[in-house]
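Below, chain A partners chain B and then partners chain C, in two separate complexes.
This part shows the complex of A and B:
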């Protein structure tokens, strides 16, 4: 690229070198790529295939039933409940976690003493096991758990009473508050990850634009809303996409919090938890696969819409 | 493209995640009945066409393990088997995590063990899915005595046509566990129970006199006691909408409405055994498994078992059990049968139940100390699950009933009507399909 003089020779040499480099590159990715094709793409395609069959675990395919599994889904009230719950979770959880993540990112992006400590502290819940942290959360939110004790001790009970929650409210055991408890739990655990994404985006914003904004007389508040926030668009897109995909996938916390039935009263029944039920309590892998296929297309469509909304931006 | 790959990867991931298991633990080890009686001998007229001691080979045995004690008990039973049948080599595989999930994947990869546990709750599904080998030919050719199994256990593992797909390895019935410091004479009728509960209100550390599960897992016993039922006698139609059933469900809800009972959720306990152990309640309706929990976790609470209080229809209770079954793909079914007939026979079952965590499912095995009441109930107990397809699970009868009950309790409306309507609709849907 640099020396233009012996163009022919350089070009020839370049082509051979490029080819060798490419071969080496393919050699390096061959094994991971093979695993990816077999374990990810292969299983996905196989799930599509299974969804068209009445499938028996022990005996394999029994009868090709076409789209019958999908037709059954249309009339399956519990599946509709699962979709409602999952949509509710995603619509509340994604913006909430994005807001918290952005807030944390802006804070730890300041040049303050102990910056590294705060970054690690905010990220900490993300590296803890989701199962362990959910169990801990359930424990804290029990009727006689720490949360209820503390709010009583500091005199907040009248406030909760006004919202209709008694002093010993069972947050996970009540159908009205179970999903919201999961939302708050996950907003807390995931905000650290979102903070990292936003932090990367924040640091890619040039100082010059802030200087220009300062010269134009923008205060910190204006600078954030008029400069930082719009310039974070690629970050918003990436975080929102990852968030929506993760939100529609909600499973561990629902299973641990409400068991495989999504207790109480299906409040924690999510699409993936229902898939799990179809597979392992109805023993109907074909039906379970059809739920997976539907979720696949839902996520595909939402991702495409998000892409359209945010424009064709490069992810951070 | 990038998004598409992410999406594809995600889909595969959740398919894999769904296959990965995890989650709820399998049923508690079940234990059973066993009025003691003379050992059964083989039915008359059978010739010794099949001699188990001549069979050789290797057998894998799949089990869940609720506690280390359960593992020890199974080891002891298998050691006794190895002594009696040295030509058969048994390898025990403990299935980790969610047994039902793990076994489903084992069946699909043809790696399921030769002999394995089957919990009552999903026995009808496993029979329908052809996961279980019919046992009648083996029972017949050996002349194996199945007459001493309590029917409340054995019937669960029979198909609609009466074919036997499993033999109960042990069994439990629901009995009344009560705090002996607070209750000197246990109530013998439901009316006495209500009277006793009223007298206990507000005493000591009690949050409520009785711990009541909002599900059929306990309520069904009280429905039977008052002449109600889920299904008609022949199992062909719903009977939950009968006057007796309705009255029983209303009676159950009224206990909670009137402060005589509370659910574990209301009490803040994970189950009624914990509620009894912590002194939150004076009565809990549980099976033999509560004994281990009380002995180990709550040794300071004085308690005892009593038989379920009788209702207008007399004494009634329900069973919890699990069976041994054989894998239809097993390469050595004869050897698998030899293991099964030993472990469910009088000798093997005695070894197994001597471990202290299981209760015999046949009347010719001695009752382990402390479980006399649980075994007494087996004489009149009806199946607590496994009598209708789709009983458990998120879309099952039991879940629909329980969710409707929880709704009535949460909203403080305490009406049986919506519970009956929802349950009947679900039963009709299952029977009609």
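This part shows the complex of A and C:
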């Protein structure tokens, strides 16, 4: 009974301490949580709400039209073009950049001279702004730009001629090559980032696996395809998911390269660019919001699949 | 792209503190600094000696070196060409010559005097914006990160999940509702445009997540000693924990400064007045409407100015950039 008294006192003291700690906790997170609740969660709910309305920037909600905005999307040919372009971009860009990133990662993961330099160099384009890079590439790829000059100077023009490109081909300005130019440009900026993701994945592969492969008489080429590549499966999936989500959001390069219509001839019209176009060229916020809602669900499904399959074994 | 999913699963402490940035695989010294956020467990596999003879191995090495040196050159050439072109005359800009002939600073003069807004205004706007957003992410991120890591309060886990959930929301979904809200509130006019933009960027879930993981990795002893000495929660945080978190703070600072300096999406949508433009959006708008469609040298000068601050940071704080990659996913 005498022993119970101090314990009780400590308990009481502990409870006020707990209350103080809880209050401090709420105070610490108050401003960030307020911003998240209004600017992230609030806007998300508001986006769903707006998508159900015929909305006017100046006059506010005009008419509740239910899913009419979504129905309109189904029949909107420009939206279909945007989906096709975005899908094309993603399907080519993601595997291409993954292949280059993996190649670079495997090489800089070896004991080579200048390892630090090469890693830093390959990541270098990723540090600059998308706007600067895009304008720079438009300059390089214009009819009398560096790219056309160099290929002429080193005698590659007949090869390009055979593929149907003249000596002064306008890569960004031609509807057949504009999206491919963006693909190459973004593969160039992002291959270093994918390299870093793959490096993390590569370094988690145990040393012994390679020794076992060497004992079995596997050469480097076989060791890569039979051992490294399959063991990188979680890494592949992580990089692919990040890549696909990024690819679906292609915007900066499309707007800078082709304006809000994705010129030439809608070649650079992407889903997000069309959202921007609906919001600020067609002045139809309700319609733009419905595109945002569709994008949200597509990205959500992709993230959930990735988490389901590889939730705890991510690359980085 | 600010809203990539967090590469680490929520709620899982990192297997090594973010701060041990110079620790790498043994025997490699500083060579691994670039990827030093990676677990130091496995050394890179040695080149496996196969049944193939040494001659082909040497040849393979040479081919590999030629390939990576060419690829490394490809990384730099476009930027080098930008710098060169910014000192060329307009007709000379289209010639394949490495040395400007004649060498001229006229494009830079043009970028300062004739561009509207001039390069100095643009630079100042970008510095102020990136500075404020960086500081706000450091302050709010460390407060939030510390609370989620160390302080116990009801609803903590749920609220942290809410923070992480914001990473799943694409910015584009928020475009219309945010713009509608801001128009109502008058945040799209005058200086309030900056306020609106800063509010959107003021705190990112990535900052909170990174700092929380770091605080989780700090032993509790010091903190408890301070509490026993009678220090309050804020004092303990400010005097004891914050100094210990400086490597993580540096990583957040670099990540946010770079991200905000380069930001394009939100500035293009929220900054409506010319005088408030930042450098990246000016590049788009000059091309679009500024008559600079073919006047490349001044545009190249703007690109140089847009890239130099980040380049300097990269040269000195490379390792933190790489940690940022791990935390923030890929730029879209």
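Quick notes on this structure:
FYI, the second predicted complex is superposed on the first by the 261 of 316 C-alpha atoms of A that agree within 3 Å, B and C clash if a C-alpha of one lies under 4 Å from a C-alpha of the other, contacts with A are read in each partner's own complex, and residues count from 1 in each chain.
The criterion applied here is as follows: a residue touches a chain if its C-beta (ideal position, glycine included) is under 8 Å from a C-beta of that chain, and two chains touch if they have at least 3 such contacts.
Predicted model, so just to flag it, every value in this text is computed and none were measured.
Of the two partner chains placed by the overlay, chain B and chain C both lie in contact with A:259. In the superposed pair of complexes, A:168 makes contact with chain B only, with no contact to chain C. When both complexes are overlaid on chain A, the residue A:104 reaches chain C alone and has no touch with chain B.
In the superposition on chain A, no contact is made by A:187 with either chain B or chain C.
Look at A:52: by the touch rule set out above, it reaches neither chain B nor chain C.
When both complexes are overlaid on chain A, the residue A:26 reaches chain C alone and has no touch with chain B.
In the superposition on chain A, A:122 makes contact with chain C only, while chain B stays out of contact range.
Once the two complexes are overlaid on the shared chain, A:274 sits against chain B while remaining clear of chain C. For chain A, the partner touching the most residues, choosing from chain B and chain C, is C. By the document's definition of touching, of the two partners only chain C reaches A:149; chain B does not.
Residues 36, 39-41, 43-44, 47, 57, 131, 144, 241, 245, 249, 251-252, 255-256, 259, 272, 275-276, 279, 285, 288-289, 292, 295-296, 299-300, 303, 307, 315 of chain A are contacted both by chain B in one complex and by chain C in the other. The touching residues of chain A, counted against chain B in their complex, run 36, 39-41, 43-44, 47, 56-60, 78, 131, 142-144, 168, 170, 173-176, 241, 245, 249, 251-252, 255-256, 259-266, 269, 272-277, 279-283, 285, 288-289, 292, 295-296, 299-300, 303-304, 307, 315. Only residues 2-4, 6-19, 22-24, 98, 100-101, 104-105, 107-108, 110, 112, 122, 125-126, 129-131, 265-268, 328-329, 390, 392-396, 399, 403, 406-407, 410 of chain B touch chain A when the two sit together in their complex.
Residue ranges of chain C in contact with chain A, taken from their complex: 1, 4-5, 7-9, 12, 25, 28, 30-35, 37-39, 41-52, 60, 64-65, 67-68, 71-72, 74-76, 78-79, 81-82, 85, 94-96, 140-141, 143-144, 146-148, 151-154, 156, 159, 162-163, 165-166, 168-181, 183, 199-200, 202-203, 205, 208, 232-234, 237, 258, 261-265, 268-269, 279-281, 283-284, 287-288, 296, 299-300, 303, 306-307, 310-311, 314, 318, 321-322, 325-326, 329-332. By the touch rule above, chain A contacts chain C in their complex via residues 18, 20-26, 28-29, 31-33, 35-37, 39-44, 46-47, 49-50, 55, 57, 104, 107-112, 115-132, 134-140, 144-146, 149-150, 153, 188-190, 192-194, 196-197, 199-200, 202-207, 210, 213-214, 217-220, 222-223, 238, 241-243, 245-247, 249-252, 255-256, 259, 272, 275-276, 279, 285, 288-289, 291-293, 295-296, 299-300, 303, 306-307, 311-312, 314-316.
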